[in-house]
Amino acid sequence: MNTPRARAMLFMGRRSHQSHAPHKHSPPAVANDLVISTVDENSGIAMLTMNRPPANSLSLEMNEALCYSLKTVEANPKIQSVILSSTNPKIFSAGLDITELVAPDNDRLPRFWNSLQQVYIDLYGSRLATVAAIQGHAPAAGCFLAMSCDYRVMSEGDTNNDIKKKHVPTIGLNETQLGIAAPPWMGQLLVRTIGFRQAELALALGTLFPPEQALSIGLVDDIVPHQQVESGDHKLVDLLPSQIKDQAQNSLLQKAYTQAQIYAKIPPQARVASKMVTREEHIFRMIAKRDEDTQHFCGFVTQKAVQKNLTAYVEALKNKSAKK
Amino acid sequence: MNTPRARAMLFMGRRSHQSHAPHKHSPPAVANDLVISTVDENSGIAMLTMNRPPANSLSLEMNEALCYSLKTVEANPKIQSVILSSTNPKIFSAGLDITELVAPDNDRLPRFWNSLQQVYIDLYGSRLATVAAIQGHAPAAGCFLAMSCDYRVMSEGDTNNDIKKKHVPTIGLNETQLGIAAPPWMGQLLVRTIGFRQAELALALGTLFPPEQALSIGLVDDIVPHQQVESGDHKLVDLLPSQIKDQAQNSLLQKAYTQAQIYAKIPPQARVASKMVTREEHIFRMIAKRDEDTQHFCGFVTQKAVQKNLTAYVEALKNKSAKK
Amino acid sequence: MNTPRARAMLFMGRRSHQSHAPHKHSPPAVANDLVISTVDENSGIAMLTMNRPPANSLSLEMNEALCYSLKTVEANPKIQSVILSSTNPKIFSAGLDITELVAPDNDRLPRFWNSLQQVYIDLYGSRLATVAAIQGHAPAAGCFLAMSCDYRVMSEGDTNNDIKKKHVPTIGLNETQLGIAAPPWMGQLLVRTIGFRQAELALALGTLFPPEQALSIGLVDDIVPHQQVESGDHKLVDLLPSQIKDQAQNSLLQKAYTQAQIYAKIPPQARVASKMVTREEHIFRMIAKRDEDTQHFCGFVTQKAVQKNLTAYVEALKNKSAKK
């Protein structure tokens, strides 16, 4: 079986500041990369580290950088698995960059939405085994990124600290809380991940799940305590640029790496074919409705009531950050 | 996103004896209402109380009364959530009125079936958040009514009494036990609610689940002990006509009310859009097959073998009730 | 409701050495039967015992024998339930006969695949209630056979013995481990049985589940300790030919028989109609894609890389068996 025809329809968009061999880069170059690639041909495992401060929110450029760096790794025949992680120890990805939605540009808005659809098509249908290492919060489209992978490992967060420093990450499609709704293909991805009933409930209420709950409903596949452990049989963390390495929670990355290794041992042709058994029809379904979906989204988001909700939300965020 | 196009196809049928402000009615008038509406604009929550003694079974007129009273509440822009309950402390709804099926009238039978389909379309696709307060048994189409809501709270029943007075409600699509089968759209609603495998098993065997089991397979979302508690922060129960109020199990209604409040706080536009993400295609699918479904049902139920099963069942019910 | 139209398309294939009343046969005749039928009209329950040593692997002839013996039992109006079991105490079925796949004959390969598709259509859509008594391993298409039934009971295996004699059966679609992938209709049957997320994970990794895990994810419905118990209220085991009877693990068969009785008590017309509510569309979907599926399979399996994997696997099996 071939990898999905969807991939022939690849929309590359603009090039990001993509790093092919980040550990050889000087620090400033690394800091400019929206997505940092680390490739370990020996193990057949690569890592894509999201690096768009402060919150890895998904702008048009960030979506394009994700697709571009994924394609670059896929083009390397020695790589079978990829880990998706974050440089931010407390945030995996905060979801859509809300500034793309507030008072949007008529030309840019559909291009932005298209780039998000492309992330779904490319990541959900990747020939690579994809493992999300969820070190921090993954609300809304951050949860979508994780759900588009083959496997999800989540940190339990740092609960040993005093209350002020305590950090428990959460994950979920919480769009309704912001007055918007996840698009059908994203909502249906939640249905496939946690089942119809739990998904319907979580979608309506915009529920964000802490790690243990996320595990119990199947939104993540594994959780790991927050701690720095001796690195195991892998050297992937050692390959990371030093600024990232210092922040990495290596118990999480090690678990993600172990799972990536398990996938890498399956004959790739069979692994990809089995992935297509469950995913192909959903990718084709989205492609068939892609334009309709874009029109619907643009129409929805530009409604006055929705703009009002979003503007209020952005103001609240600004005030919150000004107080800090 | 608009509420589903399905709603434009609303089939109103005959008016029931519908009560707009039941608590102002004199007792006899209330007793004649098939469905009693209680509206609390302050909280944005309404209640529809099924009131067709002895068992809230679904006749043509009862189905029409349900649709009519739901539409009336939906037309009030101040209302966001509705609770579906029963005046009978031991029965939510016994399902289809079996007298509609035995030796049926050729003209009335398809109209009856159409009215049941309409309850599904209207209730499952309602713009309101819908909470079922299941105080007693909910077999067959009684279970269907509950599954068409957004959330299900069930009473654990009265288990403290001696054996004779003990009452443990059950819920499930038990049609095969009566020699008939739930229609595809009803069976598939069970699949969505509890998952394919559990649904297939329960459909084949016609299983009725007591509250704890119903909770563990996800057929209900919450269960509450049977007791009269001090009413909480809501006044809904106080609005009920006194005859109903005296029979109401207010621990159940309070829980249903709390959930209705949670839904009422979600921005309505987003809540409805998220509901349509999972439900729209299923409502459209039923509408597309509506006539075929009616023909199939009428053909099935008028078969000699099926009529024989149903007649035997009605006789057994009569004998049982005569003995009491 | 009629049994599915699918059944009108029945493909009988060649007759197997089918036994109509096996307990009257002399031992050599029984030994030649690929599938042994035992019929108990009193209880309405039959048993089909797979008998293709050493591992009940599915060759073209075995598939045809399964369809033929199922059809013969279905033609008996006194029978409502059928148990599918194995003469091998340690193997339910090892899946596809791999010799059908290695250096295949161009004419026979598509006929072989067609016969497997027919087993799915006939068994998954049977008018009979079907109970799998899984006494030993059920990998790959062995798992598929079990999933095509209405109910699955699995033996916990013989864990009391010393390590050498210990036997814990496993079940699962482990195709990717062999470098091939289960066909879409088989993968989607796993999705329906254990849910999307668990199925996707198990398909990619080719996971084989021991009994307790299989129960906890819903891949089987019940597990029974390995022991010889006094036979209960049934006489089915007593009807078995003595060679089979001596090997049968009757605690398992008794449990399967009890479940078969439960199904046999449901009015058959309603039971079949309820089965079609969930299965009909999936059977039709497979029939519509049948030729495409055959072409795809033949193209996939004759690829050089796949042939290489399969040849290596067969060599490994030979060496393993030579060492014993």
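So that you can tell them apart, the chains are marked A, B and C in the order they are listed, and the count of residues begins at 1 in each.
Just so we're on the same page, contacts are C-beta pairs under 8 Å (C-beta built on N, C-alpha and C of every residue); 3 or more make two chains touch, one makes a residue touch a chain.
All values reported here derive from a predicted model rather than from experimental measurement.
Of all residue numbers that take part in the contact between chain A and chain B, under half occur on both sides, making this a different-residue interface. Think of chain B turning onto chain C: fitted on CA atoms, that turn is 120 degrees, to the nearest 5. We define each chain's centre as the mean of its Cα atoms; on that basis chain A and chain B are separated by 40 Å. Touching two or more other chains at once are residues 195 of chain B. By the touch rule above, chain B contacts chain C in their complex via residues 175-184, 187-188, 191, 195-201, 203-206, 296, 300, 303, 305-306, 309. Chain C contributes residues 1, 129, 150-151, 192-195, 218, 221, 262-263, 266-267, 269-271, 273-275, 277-279 to its touches with chain B in the complex.
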